[in-house]
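Two complexes are shown next, each including subunit A; its partner changes from subunit B in the first to subunit C in the second.
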Partner chain A sequence: MSKTSKLNILRTALSIIIALAISFIIIYFISEEPFRAINKMILGPLRSRRIFGNVIELMIPLIFTGVGVCIMFSASQFNLGAEGSFHIGGLVGAMAALWIPLPSFIHPLVAILLGGIAGAIFTFIPALLKIKTSSSELVSSLMLNYIALSFGNYILSYFLKDPKAGAPASYLIPNTARLSILINDTSIHTGLIIAILVTIFGYIFLYKSKTGYEIRVAGQNEQFARYSGINIVKVILISQLLGGFIAGIGGSVQLLGMYRRFSWIVLLGYGWDAVIVTTLAKKNPLYVPISAFFLAYIRIGADIMSRTTDVSPEIVSITQGVIIILIVAEQFLSKYRHKIITKEAKSLLDTEGVE
Partner chain B sequence: MQSVFNIIFSPDFFYDVLRVTTPILFATLAATVASRSGIFNIALEGIMLIAALVGVIFSAYFSSAWLGLLFALISGGLVGLFLGFLVLKLKTDAILAGIAINLMAAGGTIFLLYIISGDRGVSSSIKSLVLPKFPLPVIKNIPIIGTILSMQNILTYVVLLSVIVIHILLYKTPLGLKIRAVGENPNAAESVGINVHKIQYIAVTISGILAAFGGAFLSMGYLSMFSNGMTAGRGFIGLAADAMGGSTPIGALLVSLLFGIADSMGNVIQTGIKIPYEIVQMLPYITTIVGLAIFSYSKKKQIEKLKSK
Partner chain C sequence: MSDIILEMKDILKIYPNGIVANEHINLSLKKGEIHALLGENGAGKSTLMKVLFGIEIPEEGEIILKGKRVYIKSPHEAIANGIGMVHQHFMLVPSLTAAENIILGVEPRKFGLFTNMEKAIEVADNIAKMYNFDIDVRAKVETLPVGIKQKVEILKALYRGAEILILDEPTAVLTPQETEELFIQLNKLKEKGHTIIFISHKLDEIKLICDRLTIMRNGKNKGTYKTEDVTTEEISRLMVGRDVFLEFDKEKANPKKTVLKVRDVSVKNKLGNLKVNNISFDIREGEILGIAGVEGNGQNELVDILTGLNENYTGNVLIFNKEAKELGIKGIRDLKVSHIPEDRMTYGCAKDMDILQNVFSNQYGDEKYSSKYLLKSKAMETRAEELIDEFLIKCNSFKQSVGMLSGGNIQKVVVAREFSVGPKIIVANQPTRGIDVGAAEFIRKKIIEFRDQGCAVLLVSADLNEVFELSDRLAVMYKGEFSGVFTNVEELTEEELGKYMLGLKKDEKLEGIIYE
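Up next is the complex of A and B:
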């Protein structure tokens, strides 16, 4: 491992430590029993098999949107449509589950695939607008997320709603379409396997395929990519379609794995969380499960803390924000990095000099 | 249908349009000032949310809506400055820094609300105050126009005034010239002796203060309390409206009004014709996307034309 990548790991680790330290200091000042609270937050998720299961359950949707956003951001496209793709994916997954009668095993696969396609179409819109009209994909994707929410609410209340359900929710998802439980005593479902497959696929696509290479080159330096004959339009479209597809799959997997009815009347936020996951994973899908696990762990930890102490779980949002800032801040540890890079260059020169 | 027509062409409708437009116009002007200096301020959403809560807390603490507003503005300016620090000093990507601020604001406001009031949703247990509505002398007696313009919240007048102030600031003052120069070409600006970072710090601070006005309006005018996530994407809409209005204060006014009309129209159509509420809710966002696409496309064509000459 080169010293620069060692430094990257060090920077990430330090960012996390500093962010947690800041959160603990805040807890110390506001809580009546700060040490019990901090203890709950750090060790709470390990207390029982069921609670640790919650961490894995929360990790699953984060992996999907995380891998999706990795691919979209790698092309240097700030398409924030993963939030909407996830929502629409869940919606279409529910519709397919309710309206298309199929035998089990095939049923969830079809529903998930359709959810993915819907998600892909969704992130395709900002990409297309960007290419055709040069309008900012960031702005149009933000607006589209709200449209996705209203559209979902419309379909729910006019086509899917079960009047007997009390709260606004669809009819019961048939058992043939639901993802089965993978590990006893938890709600961890077979979606975990799909999430792992998607991670491996995302890594191979982005780092081992020609198209993936083109996406990354175009993302790092569009001018250079253009001059070396890379088709920028193709790169943008493929990356955004694929990213949305994966986020959409995530939505339907989440719905079929964790819900008995479609009842999402607000955006769930996994698309925004994916920005944190992607930042932590340095846009590499291979690291997405690790960062998703970390994020899920501190959230469940904070949740447990809030249930038994006087600290509310939103403290985690401070931790997350600080982590993003420190990891993205180029100046953080920059002097140290500069030293290491010059050292490496010098040693390289020395060895070449000997030859 | 006739009744919808009547409602739309009533003074009450336009009164409502101005009310709905106010926070969006603040956000749009905030986006304009920041983007003119070359910083894309996606943190507007979070700044508005923070200012909305700070206004509520301090207006209750001092029993004064004005002091509440003052502290809201200070909080907005500080968060703007913080964004400047992250982007300029720590060299953080502006979009990711903004997203980080938004995430912290969304959770942090709930966190703070819980510490202060024990509630996690709304601030109804805090006895906060509302900024006054204001009768305009002379104008209030003119039929129709009086109904539309008079008795609006004080901040609605402030925002209309801000359009003029920001226009003058950007186009008629040395600071405005510097802001535009820095945003247009920072290297060129630096070569003529402009302190680029200083100008950008000033611009994001002004941007933060403008956004804070919008946030304070939401919790101390539009509604009389803070509720979590109450900005509901208005900061983002401000960014869209700024892009659509070509980053000019006059453009900001026109596009925000368009958005306000689309929003108010939604409420009217609901009472008039049978269109599902959920579809009506999409209207402002669809308007924004279509408008943005048209504007960007015509700008793209313009640039191509200039290049071919």
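Up next is the complex of A and C:
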């Protein structure tokens, strides 16, 4: 491994350490018992099988939206449609589970597939708007997310709502449609397997397939892609459809794995979080599970901390924010990097000697 | 040694990508001389000048100006020290007048707040007169020809009190006539005691105007000479470390059937200005049609039409008897039409992707490199290595980002990609602009090789040597039209060509541009 790629890893690691350090300093100042709080945050998730299970449960939806966003971002389609796709995917998954009676095993597969298709249709809208009217996909997808939420609320209130449930929620999801538990004493469900398959698929698609290559070239330099004969419209459509499809699958997997009823009356935020996951994973689906795990871990840790001490869980937002700023900041460690490079280059000069 | 005005000592500059651009360079300038700085692209000339002008900070070394050590950390400080730079790409605001551009940043004030326009015009006019620059300072820069724009740039530097003027390839964009005029001006500046650093690739110009010259190669200083002490051949040998053949032994063309037919093509730009006006021509297999002309006379627009990048034109373009509009970019490429774009960083590459991914963007769909859905990584890697060897691309491996390479090597990546498909038609737009002599020679030889194999070549170039050396037929483009056509290139002189390029002469018949 070359020194510069080692440095990239160092940069990411250091960003995380600095971010955690800043969070700890803040905890130190605001908490009555800072060391106990920090201890809970770092080691809390390891305390029991059930709690560690929570980390994995939280990681699953992040993997789906993360891989979806990797594909869209690789095409330079910077949009937040994954959030809406996830929501719609959950909604349609629930509708399919409630309305289409099927035997178990087939039932969740059909529901998940339909959820994925719904998610794809959702991210297709900003893509179409961009192609036809060249409107910014960032703005349109952001706005459309709230339409997705309201659409879900409408369907829930008028078609799915169980009047006997205390809060707004659908009828019970039939057992035939629910994803079975994978590991005892936890809620880790078979969605984990699907998440791993999606990760592998995402990697092969983006880095080994023709279409993935087209997407990455167009994402790096659209003019160059067009000049090379790559169809830009196709790239935008495929990346958006596939990204939305995967996020949509994530939504229905989450619903069928973790919920007994469809009760999402707010956006759950896995689409936003996917931007953090993707940034940490450097747009490579292969690294998504790692960054999703990391994010899930500090979230659960913060959760435990807030339940057992006087620190609120929002401290994690600070950690996340600092990590993203440091990773996105090109100049971070650039002086140090320059020093390494200067040293390498100079030692090369010395060994070459005088020409 | 009192006549030494500036010394750069032991300058070491290493870029963030690890490239050693300046390896302990020394340079000294005498007051009132025109000093040429020459070398291949990537030799480190521009870097050295950026260090002098405060754009880049060196790792080691010092700058001594008039016997005092100075620290130049920004262009502002360079200007304050009397160092001015005229960039290759002009740094002018097109919508402002020449006077406004000259005073920009150091405006004469009215009530300490507003720009005193009358005063501005007056001072700009004065300084122009002082240096015998014949320009209308009230004219908007966008309406001025390139040669005048350059004068405005020079005046801008002089107005800021520049004693040392750095000119980065000043003649690259000029016609022979404009170049001659520039040289007269430079000599006048020299008489007034200004010191000029003249960066160029063009050996004959350097011989003509410079007192001394410094040759750089691979980031090292290869020596400073008095101009009269070295011959052109010696200079080129020092520059590239081997003898460059300045003339090609090119066989006579043996053209066969017509493969590219262009009829009555016109195109307007976004502002509605006619950029290509009713152009027709033919190219046959096995010949090179050169299109000479000052840049911006419709050449790029024409190339965009032929390669499918622009479809909003009138008239017909027939490639192997198929209408280009119906083919589209991909369809045109599928007919083995290669395109070397004028702007290699915008169209020619994805700079953050590696060499391998850059050389397959036009041929990843070939069954050698992919199946129905997946890429064949092994085959691609093998092929990328072959291309790096064949096209002499200097790099660590095919995994290196293209943006890390020098300009000449990036162009070789572009050419490797375009030539590796076995082209039948090559559209080469400024294929050797801004790259070193060695790389340029290599690319030109390749173009001739392809011609000899029966490839049709359209060569658009502002480099007169290039169009003279390569073209079998030569057309001159002026204001979107052909102003002249020459079927016998050997008999044409540069002066004659210059007249057509400037629109002083125009041939209405254009015989020999179309084969019937």
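The working rule: the second predicted complex is superposed on the first by the 337 of 355 C-alpha atoms of A that agree within 3 Å, B and C clash if a C-alpha of one lies under 4 Å from a C-alpha of the other, contacts with A are read in each partner's own complex, and residues count from 1 in each chain.
Simple rule for what comes next: contacts are C-beta pairs under 8 Å (C-beta built on N, C-alpha and C of every residue); 3 or more make two chains touch, one makes a residue touch a chain.
Note that the structure is predicted; figures quoted are calculated from it, not measured.
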Touched partner set for A:H338, first subunit B, second subunit C, both or neither: second
Which of subunit B and subunit C A:Y213 touches, first, second, both or neither: second
Touched partner set for A:S134, first subunit B, second subunit C, both or neither: first
Touching partner for A:I147 - first (subunit B), second (subunit C), both, neither: first
Contacts of A:N231 with subunit B and subunit C, given as first, second, both or neither: second
Winner by number of subunit A residues touched, once subunit B and subunit C are compared: B
Which of subunit B and subunit C A:Y171 touches, first, second, both or neither: neither
Subunit B versus subunit C as contact partner of A:N221, first or second or both or neither: second
First (subunit B), second (subunit C), both or neither touched by A:S157: first
Common interface positions of subunit A, toward subunit B and toward subunit C: 334
Residues of subunit C that touch subunit A when the two form their complex: 14, 16-20, 23, 59, 220, 307, 309, 329-330, 332-334, 339, 341, 346-353, 357, 360-362, 364-365, 370, 373-375, 377
Complex interface listing, subunit B residues touching subunit A: 42, 86, 89-93, 95-97, 99-104, 106-108, 110-111, 114-115, 120, 233, 236-237, 239-240, 243, 276, 278-279, 281-282, 285-286, 288-289, 292-297, 299-300
Residue ranges of subunit A touching subunit B (in the complex, touch as defined): 30, 78, 129, 132-136, 138-140, 142-144, 146-147, 150-151, 153-154, 157-158, 272, 275-276, 279, 312, 314-318, 320-322, 324-325, 328-332, 334
Contact set on subunit A toward subunit C in their complex: 4, 204, 208-211, 213, 216-217, 220-221, 223-231, 334, 337-338, 341-342, 344-346, 348-349, 355
